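Lettered A, B, C and D in written order, each chain numbered from 1.
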Amino acid sequence: MELYLYIALFAPLVGSLYASLFGGSPKSQHVGIVASGLLFTSFVSSALLLSYVMGGHTVHVELMTWMETGDLYIPFGFVVDQVSVVMMMVVTIVSTVVHIYSIGYMDHDKGFNRFFSWLSAFVFSMMVLVMSDNFAGLFIGWEGVGLCSWGLIGFWYQKESATWAANEAFIMNRIADLGMLIGIFLIYWNTGSLQYDVVFSEIGNLPLVVTTWIGIFLFIGAMGKSAQFPLHTWLADAMEGPTPVSALIHAATMVTAGVYLVVRANPIYDLIPNVGIFIASLGAFVALFAASMALVNRDMKRIIAYSTLSQLGYMFVAAGLGAYWVALFHLMAHAFFKALLFLGAGNVMHAMHDELDPFKMGGLRKVMKGTFIMMTLASVALAGIYPFAGFFSKDLILEVGFVEHHYVIYTVLLLTAGLTAFYSFRLVALIFHGEERYKLFGIHPHEAYKFMLVAMSPLLLLAIIAGSFKMTYYQLVTSLLPDTQYHVHGEMTYWIMTIGTQLFVIAAIVFAYKKYSNWNSVPDGSSKLENSFGYKLLSNQYYIPKFYEEVFSKPYLELSRIAWKQFDLKIVDATVDSIANAIYKTGENTRDIQNGNLSTMLRWMVIGLVVLVSLALAFTVGYNAVGA
Amino acid sequence: MFEAIAFYLFAALTIVMFTITVMTSQALYAITAMAAGMIFISAFFFILGADFLGAIQIIVYTGAVMALYAFGMMFFDTTRDVVEKRTNPQIVFVLGILAAVMVVAIFVAPIVSNNIQALYPIQEGVGNSQAVGMVLFTKYLVPFELAAVMLLVAMIGGIILAGKKMDKSLTLMAEEEITTMDDSFEPQAGGH
Amino acid sequence: MEITLTHYLVLSTILFAIGLIGVMRRKNLLMLFFATEILLNATNIAFAAISYYIGDLSGQMFAFFIIAIAASEVAIGLGLLIVWYKRTGKIDLDQMNSMRG
Amino acid sequence: MIDHILTLLIFFPALAAMLGFVVTKDSMRAYGIAVAFIEFVLSLWLWYAYDPMISGMQFMESMPLIPAFGINYLLGVDGISLFIIILSTFFTLIGIASLTETRRLKDLIITLLFLEMTMVGVFAALDAIVFYVFWELSLVPMLYIIGAWGGPLRIYASIKFFLYTFTGSLVMLVGMLFMAYFYYQATGQWSFSILEWYRLILPENFQLWLFAAFFLGFAIKVPMFPFHTWLPYAHGQAPTIGSVILAAILLKMGTYAFVRFSLPLFPDASVFFMFPIAIIAIIMIIYTAMVAYAQEDIKQVVAYSSVSHMGVIILGTFALNVEGVSGSVFLMLAHGVVSGALFLLVGVIYDRRHTKMMSEFGGLASVMPRYATIFGIMMMASVGLPLTINFVGEFLCLLGFYKQSHMLTLTAGVAIIVGAIYMLSAYKKMFFGAVTNEKNKNLKDLNRTEYLGLIPLVIVAIWLGVYPKPVLEPINNSVESVIQLMHDKAQSPEAKARIPDLSGKNEIIPMQEAH
């Protein structure tokens, strides 16, 4: 089994290195095929590992030592257990699909080979992240996915906005990484190790305050990667990257790393329910907050990104409330349908020549039947309609909230579920229904390559049927995660809740269809709605990016300039120079003593004599005084 | 009483003479006043019982040094005054007096605190010259011989410096000058 | 009225001051030499006086050597002065500034 | 021969440099590379022969120089100095191999070889006076390199560099003399041997003064805030090779000396000054990172980033535990590799465009993709991405200091944020965007010579990031003995508490018996 582990882990790396060999050369089809093939290998290995793990075993290997000094010992250790194998499956499935899809999507791009190099490197980092058996290894993957995310968001580096977004994402993640690093330090100095098993067995013996701080700092790390408020702005901007990247990194895998961390560190969070409540509350807030921004946005990818953000909020609610397996389940289901949604959006983008405003589309279902079906189904899954995947996972989270008596969180999530349904179908309605507004812009849309649609189909399938794995999954992961069943008291309440939620969601869908499926004009910013305060607030993302720009970015640059020009050059350096100048000037001024005039010299000699003799006198007198 | 009168008299005379030496603009006055001052100083030596020193003072200073100066002055145009630009004479006076007081203070310090011991006490019943001779040729023999050598060197030095052909100084000449000098002067030097 | 060592030392101080003033004031090199002689004599008086009052011959010895040094100094100094005068025709101190830094 | 390998390592380049005067101009380059290569191989042999299990000094050589004052020609290496010596020879080789300078190449190579002698000498010396001599001698070749091959302000920069560091070293020399005097008072014998000094336990107030004297010399060399202003000038004016050696090796002298002198000689003072120095280090880290962000000249960005990273090294050194000090020694190597590589990279573009202003560039990624890739790797290493060499050092430094103070480490950790900010924005300005400047359109990508210099650095940066063990292990062993020595020597209870006691932990062979 160790062999499969290594294959699953290193196949993407090999793919990445292979692709990077051709990084500078023009497009070569074989690069995409080889990279995809290797990922498929990785997927197969993961599947084999899954079947092995389902048999109740785990695989734990130690590749080699990484760092060893003092008491610190960090190996490259990998573990395939019930949790990581689920993540491995999710990562390899989605990334295989995305790789194959990208062969078509990046068909005409100059950076085809480079793209695959980055993408496979990302998968490798993600695998390291999920498979590592210690926090340092997790951090390697953590930073690795950050790097690849940077490279892929800024993939089209000629675009100013893309590189800006890439840097923003990297730097914001770094802020969170600092938190994570501090968390790791705390763990090390309190438990003496970074291995999961050691840490988790020791953690119960620590004072509660230490555990609390560990939990908080680790969660700060998770907040960055999973784009939780207030570090959320990078995710929407990250949509500058190619769409497959958005599907893989910014929907299915990397952004869920934060959730994975919390799930993985569940023994820690179990001890500190207060932090858990905070996580859940923040998650609920982000769910609603992100959904509200998605309501009015006019950028197809951003809408989906906000929806991702919102769903991450759901996951954190579950994780915060201790329902780790539920969080992981939603993570999995979400990965499938959200990736599908993004890939569909990618098809639309291609068809529309990179036009992102859904108001400029409309009626595309006639030309893009496959994509239409897929995106609709994905949206249905996202909205959480029975029997799609979203229903099982999302409904469960609502139940968790309800059962744990956090009714405010429950209400917020319920409301968000409605909003989710609304904006998802607003998008679908605007893109695929109504008048063919794109004709105004002289675009001739066409369906994507067949094989791209075929590549997407596994995701479609999973988005539909993932819910049926629930019990198998449950049995699998609860051997590692806390086994808590969430049953609403009373069958009656349960049915009322479930059906009520379904009806609410369906109502939202119907409303969205009604409002947008017959849309016939492109809004130009003059309508009453668009000028209302609420609309502006939402479409400007609550002015938070602007706030960051004005309060952090610009003052930081300004402060840096001042630090350099005013402080470093004019104070620190000038002080040094003035000391040198003072010595130089003294030399210039005292040069007159050496004017060669004997008379002056004699005079100076006498002055010197006086000074010396008086010093001698003073010291003698002083010495005698002391001596006496 | 006699000692006191003598002291004050010669003190006044010495001070006056030396002041003239320092202040006058006439070189001739200066040298004359100084010669007189030197003789008056020898009087102090006699008063203090240093007969030998007194004699030396008169012989060396008034006899040799002053004669040397007098001869030296013949070389110069003594009638022409050196223009003496004086800047801040006050500073000069203040500094001079201050320094002098300090030096004396240093001298006095050990005596005042009475922690000085006589190394070579004056023996009773022995004349000053004899005593001096005894110390000079026992304890101070080496310095004495060195002083003799020094005087010899000084004599030779004086002769050579004042001699002919010394109007050129190698240190003050540029390199080309030296080389040209070698060519033009060597035959003449050989002729002497 | 007893004449004490202090009297001699005061006298020595006065003479020394006169000498120093001469050193600093004079621009004529020859006069400068005179002033140095005064300085030396001032110290000589002090030496002789101290020698007398504490009954030690060392002071006289020093005075003796000082006189010897003074004689050599005059010999060499005058020699140099003559050389200088021959070269420049001046014995003005202000003109001698080849040591200008 | 192995017994005298250190002498050989020190004087071989000097001898070769002397011979270099008679080598013809055309073959000078090959000659220089050959000499540097032999020297590098010798240093690798040193590593091969070095026994990583022994924590004390190895390959010691001793020859009396001035026996009356206990000054000996005393050499030796331990895990701390071994790798810096290898780094010195490595960078001299890389530097000469990738030299693009054409003016007076012969003189430059001779100067570099002399510089190599002084660098190896500093790190191998175990006698304070020998150390001091090499320490000061190293200024001279660098002065020439900046002053003769530098930019328009080279005279100002070189004199500033020289006088500034020289002033600091003089104070340090006074400290050394005092140290020897105290040793004389305590034992009745003169000695300048560092190992002998290690045995001396000084009263705490003496320690404070001596620490301060040594500190000034080292701090200027490092350079620590606020003594850092000579560095931007020196880097700004120095030719590429000068900057590379300066950043990679010469700055390390200061931090190395902290570990070699300040910590084991003055354990109580080290604890006493721990927090003030940590605060200076944090100011260095954040402040210079901000200044780097404001720069318009890419070389200045790298120069200021050096100062920022040196702050992390100082922080690790004053963590006073094995993790921190090992980390700081490792980070010295890491920073040497990374900043050296970055300066080489800046040199590449300077050779092509004769400007270093970032506003002149933009979009280079499409014109010079390979260059952009290597620059990107090195930038990411500089930012401290895991699996690159810098991360190991930075992680250990911060981890070590976290034991001493939570808040200060949290503040120092901002390094990873601000570091990313200036590096990424500089990279964006240089490489991203469209090619707007006509002059950039036809730039050539890296050539063979440049690959020769850069590829080994990339390999090292990643190799030691993934598998630091071969280097970290000897460092760790030697650092453990230093820490143990410090613990044994410490007098104040606070120092005893701050410096961990390792004696019970595992068998180590102490460097010298304390007391």
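The working rule: a residue touches a chain if its C-beta (ideal position, glycine included) is under 8 Å from a C-beta of that chain, and two chains touch if they have at least 3 such contacts.
Just so it is clear, the model here is predicted, and its values are computed rather than measured.
Peer 1: Which of the two pairs, A-C or A-D, is linked by more C-beta contacts?
Peer 2: A-D
Peer 1: Please compute the C-alpha centroid of chain A, do the same for chain C, then give the distance between them in whole Å.
Peer 2: Chain A and chain C have C-alpha centres separated by 93 Å.
Peer 1: Please tell me the distance, in whole Å, between the geometric centres of chain A and chain D computed from their C-alpha atoms.
Peer 2: 36
Peer 1: Counting only Cα atoms for the centres, state how far chain C is from chain D in Å.
Peer 2: Distance between chain centres: 63 Å.
Peer 1: Averaging only over C-alpha atoms, locate the centres of chain A and chain B and give their separation in whole Å.
Peer 2: Computed value for the inter-centroid distance: 97 Å.
Peer 1: For chain D, what residues touch not just one other chain but two or more?
Peer 2: As it turns out, chain D has no residue touching two or more other chains.
Peer 1: Quick check: what residues of chain B touch more than one other chain, meaning two or more?
Peer 2: 92, 95-96, 99, 103, in rising order.
Peer 1: If you look at chain A, which of its residues touch at least two other chains?
Peer 2: Expected reply: 603, 606.
Peer 1: If you go through all the chains, which pairs of them touch?
Peer 2: So the chains that touch one another pair up as A-B, A-C, A-D, B-C.
Peer 1: Which positions of chain D touch chain A when the two form their complex?
Peer 2: 160, 163-164, 225-226, 228-230, 287, 290-291, 293-295, 321-323, 326-327, 363, 365-366, 369-370, 373, 380, 385-387, 391-392, 395-396, 398-400, 402-403, 406, 409-410, 413-414, 416-417, 420-421, 424-425, 428, 431-434, 466-469, 472-473, 475-476, 479-480, 505
Peer 1: In their complex, what parts of chain A are in touch with chain B?
Peer 2: Residue list for chain A touching chain B: 603, 606-607, 609-610, 613-614, 616-617, 620, 624.
Peer 1: For a test of understanding, state which residues of chain B touch chain C in their complex under the given definition.
Peer 2: 1, 3-4, 7, 11, 14-15, 18-19, 21-22, 27, 30-31, 34, 37-38, 41, 44-45, 48-50, 52-53, 56-57, 60-61, 64-65, 68-69, 72-73, 75-76, 82-86, 89, 92-93, 95-97, 99-101, 103-104, 107-108, 111, 116, 118-122, 131-132, 135-136, 140, 143, 147, 150-151, 153-155, 157-162, 166-169, 172
Peer 1: In their shared complex, at which residues does chain C touch chain B?
Peer 2: That would be residues 1-3, 5-28, 30-31, 33-35, 37-38, 41-42, 44-46, 48-58, 60-61, 63-65, 67-76, 78-83, 85-87, 90-92, 94, 98 of chain C.
Peer 1: For the complex, which residues does chain A have touching chain D?
Peer 2: 23-24, 64-72, 136, 139-140, 143-144, 147, 150, 154, 157-158, 160, 163-164, 167, 170-171, 174-175, 177-178, 181-182, 184-186, 188-189, 556-557, 559-561, 563-565, 568, 572-573, 575-576, 580
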